[in-house]
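Structures are listed in the sections that come next.
Two complexes, one shared chain (chain A), two partners (chain B, chain C).
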Partner chain A sequence: MTPFTTSHPRLVAALAVLTTAALVLAPFFVREANLRLMIEIFTVFTFAQSWNFLAGYVGLMSFGQQLFIGLGAYFVFFVSNTLGLSPFLLLPFSFVFCAGFAALAAPFVFRLRDAYFAISIWVIAEVVRLFISQRDWLGSVSGLPLVATRGMDRSFVATTNFYFAAALVLISVFGLYALSMSRLGLALSAVRDNEGTAAAVGINVWWTRFFGFVLGCGIAGMAGATYYMSVFHVEPGGAFDPNWMVVMMFIVIIGGVGTIEGPIIGTAIYFLLRGWLAGTGNLYLMLLGAAAVVVMLVAPKGIWGVVRTRFGIDLFGTRRRSPVAQKFHQGVR
Partner chain B sequence: MIWLETIANGIFLGGLYALIGLGLGFAFGVMRVVNVAQGDFIVAAAFIGLYLAPWVPINPILVIVPVAVIAFLIGIALQRLLINRVLGHDQIPQILLTFGVAIVLRNAMVAGFGANSQSIDVGAMRFLGFNLLGIRLGVLPAVILVIALLLFAALHLWLHRSRLGRLIRATADDYQVVQLQGVSYRRVFAIAMGIAMALSAVAGVLLAMRGSFTPYSGADRLLIAFEVVVIGGLGSFWGMFFGGMLLGITQLVALKLDPASGLMYGHIVFFIILILSPNGLAGAFRRVVLRK
Partner chain C sequence: MAPVLQVQNLSRRFGQIVVAHDLSFAVAHGECLGIIGPNGAGKTSVFNLLAGVIQPQAGRILLNGEDITSLSQDKRTSRGVGRTYQVPQPFGQLTAFENVLTAASYGGRLRGAKASERAAEVLALTGLSRKADLPAGGLPLLDRKRLELARAMALSPCLLLLDEIAGGLTEAEVHELIVLILAIKPSLAIVWIEHITHALSAVADRILAINAGTRIAEGVPAAVMADAAVQEIYMGAVLNVAAVG
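Moving on, here comes the complex of A and B:
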């Protein structure tokens, strides 16, 4: 590992082993109802992390991430119902499907920048939602049930879904860590920070960004499929709901954009708030919005950003120091 | 004949769509700020119009005047209290900030006014019609188109003829140089946001007179505004106007052919334009007609 990063690779590796072990053993000790809640928490965390990856690591902010949640879910439900295949077998292909969709959209949406890029994906999400709502073979507005799981053992379904959700969490924490330590991760952050300079040192800006976009959208799609498989029913109004975007942004902004730890904190706060304010409907959404505004004004780097600067803790820190700065720091000490 | 009527109505609706886009496009052109809450402010303006309309003398359509004034003041407050604080090279903070404002505003409206569909009552005018070249057209849509055209022309003239308009254009070109001349660009930004909000508010009230709205209409309004701006060619005034027309005609023709389609075909036309001409109608005009 390069000596120029602020991270502790051994600590992260140990943490990865411990987390994996805990997740593998969890279904043996946790009740089925709690397992379902954990699936929801894990998949929502993955939604948020996929958006965080795009906004904070690739530098592409999207307002239409719900597009991929819905697409992934519809892919698995439709193909499984039509061909009679096991949805669990199809789940990895929801990644391929959504990544492929993103790859086809990229040449067009990449023509727009910043907010215009963000909203153009939202427009695609609306087109897909309206399209599905009018097609009887896709269940129109009332949506599709998942036929294949009807005959299966409930606890088997819950456990298998849980393992998929757990795999998504591991990918979106430790996979993201590994990616940001790699050459590609370095290229991604260079493109995010300054396109011109990145191009000048020989990085292919368009393809780097393209790769990041496709990867982030694919993960969101697979998480969407896992989420809807654990509720056994998908309908266009819910799957393509822009409120998914509200949840993702809240989690990422509160926690801290562009950090791995931030969305973990954000997800915890989100589910606690949701538990407390259950049944208050709009008040709860208003609070999410207001919290986002306050954080942007007071601490744009989110809770983890504040913790990191205040206490100097940087667990997954993959920020790199230049050799010169390194020497400077040693000299000061 | 029915098609001619549909297209004429599309043009009427398109003028209004152009006006919805104008607010967003003007704010972007001057400040590079994209106010994601614009759609929800448009709906908020419609609610203000709904409550003020019965008190307005002469004709309920004149309610656009007080609503525009209120929206102008809200715009200044929004820019001064919130957006000016997160301005910088990075656009992400301001976009996320306005997104947060949008969520708060939308849900506050749902809590305050309920989710029912509403419409601003303009009395008998809504049902008046006139004949033009053998087709029957509504008076209200025509009046709305005239108002939209007047506002486009007035903004254009004001930006080019007045002192403050010149200042705004200078700020749009280079706000740092403007600062060097002793003018606070933050103050200019606040005025520009006030104007953008006033224009959007007028559009919102007129839209609520033509059709109906709910507290959730903001998202659709924002998408229309955004499409008008992009189709027009990011910052081109008259490009936006024709972009609005194109969307309006598309939507009404599509609704005739496929009544349940909503805004879908408008969205698709937007993507076709984006594929054919990345810098919108203004870019296509420059390329094809001016051969630049």
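Moving on, here comes the complex of A and C:
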């Protein structure tokens, strides 16, 4: 049986303070090129974490998370170019826009279950990609440039972008931790594990799932906008590319679904492999796939699952210990 | 004072299958109503109607005099309807404590430390304290059965629906369970579906026998067990099952 795991809220709070400090100071010590790489790593991590949140915490398996990456990016690019507003001001609204889109789609896609649900979001992503590809006012297939940042100082743009990416990392690590420790987090786990029983303990299953879906999609959208703002150009083929989904699933599956640590490890492995396999062309996607298959066969709970079981480390564990058992263990000591 | 549960002319059919036909019964505070009937008689479906999983096509359900027929399952739970499942349905990845805590903090409407205390209390009541921090999905059957009861009790319900809670337990465990249910009985109303009739007779004030969703007999346990129609249908069906098995 799984050994006791427990929560360390104080340790996590200390870690949150340290991480925040390190991220705030980073632009003063890191070169601009490395800052850009960090933005990419941070946003790709957030993509993966948003999918991990939906699959491992809410119990919704989506195959179309690239939909929100593209929507968030297009929202910021289009509104900024059209109204002449700063894209940095618009970034938080990309969350609102994507969350709103998810909220409107929810009543329809929630009628579908499991594989049908997963594919339905993919279908919507393809429809949106084709829609944008055929609209000249959205740049059609060649996409949109980001006009507003052209006149701005390069290092200002890189630093500001970095801070948004850093904020996303903090949200998707410590925000997710806080959410899973909350009463609402308990309801999300309950709905994920058994929706019939969740209703039988007084949880409104539909609204709980709705909240999780909207939140996860909004975060993916904001990360998508941040990612594409750092490359100054968005086009439908890239932003709505199903390969985003492959990357997210690779990171989450090899790291460990339903954990906070898993995607951190997965993201590190993904970027290391990508560095080593650069220049192998399409072969690199196949090698990523092969690595994911091996991990799934050897360790279905991912690398973090193995580490947690073997060494009993569970930094971001959210187990609520019972008062009775606490007394019991104090007695034993 | 109105009875805790009043069921009035409840009917529901799925095509040709009748799970409830013009069923009426009532249960008062401190009382236990047993429901018996052969397999497929519609017992669990009656619970699903009471809990709000399925909607009746006719009839009304009143809880403490208020009509709850159109309320969703989670709203009924918050008003005090607690249920256990025949096949235990825990939140598998959560611990036993977290399973019960979820019930205390949602349907039970308790916050923070009060919810934890209530959860610990019902785990102690059902003898699960030592296993409180183990994942519920890995618990053996008896403990998962106990967890069903603990989770329902954490809601502090006014109406408790027990679905074959004694099924699969040893004689000694059934006895323990009877003692436990007798202890909680004065504080709420119980409807108990059970095949283990001696357990039911020890606790229930009245027994309702149903077949094809229809009432066959109702009354004190001894009288219902002795009823000719009950013996023919209920025991007959049991013999048939035994012959097939």
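FYI, the second predicted complex is superposed on the first by the 313 of 333 C-alpha atoms of A that agree within 3 Å, B and C clash if a C-alpha of one lies under 4 Å from a C-alpha of the other, contacts with A are read in each partner's own complex, and residues count from 1 in each chain.
Here, a residue touches a chain if its C-beta (ideal position, glycine included) is under 8 Å from a C-beta of that chain, and two chains touch if they have at least 3 such contacts.
Since the structure is predicted, the reported quantities are computational estimates derived from the model, not experimental observations.
Within the superposed three-chain model, A:289 lies in touch with chain B and out of touch with chain C [touch as defined at top]. By the document's definition of touching, neither partner reaches A:227: not chain B, not chain C. By the touch criterion stated above, chain B contacts chain A in their complex at residues 34, 36, 82, 85-86, 91-93, 95-97, 99-104, 107-108, 110-111, 219, 222-223, 226-227, 229-230, 234, 258, 260-264, 267-268, 270-271, 274-275, 278. Within the complex formed with chain C, the chain A residues making contact are 1-2, 4, 6, 183, 186-187, 189-190, 192-194, 196-205, 258, 319-325, 328.
By the touch criterion given at the top, residues 55, 61, 63, 108, 111-112, 114-116, 118-120, 122-124, 126-127, 130-131, 133-134, 242, 246, 249, 253, 257, 281-283, 285-286, 288-293, 296-297, 300 of chain A touch chain B in their complex. The part of chain C that touches chain A in the complex is made up of residues 51-53, 72-74, 77-78, 82-83, 85, 89-98, 101-103, 105-109, 111, 116-117, 119-120, 123-124, 129-130, 132-135, 138, 151, 154-155.
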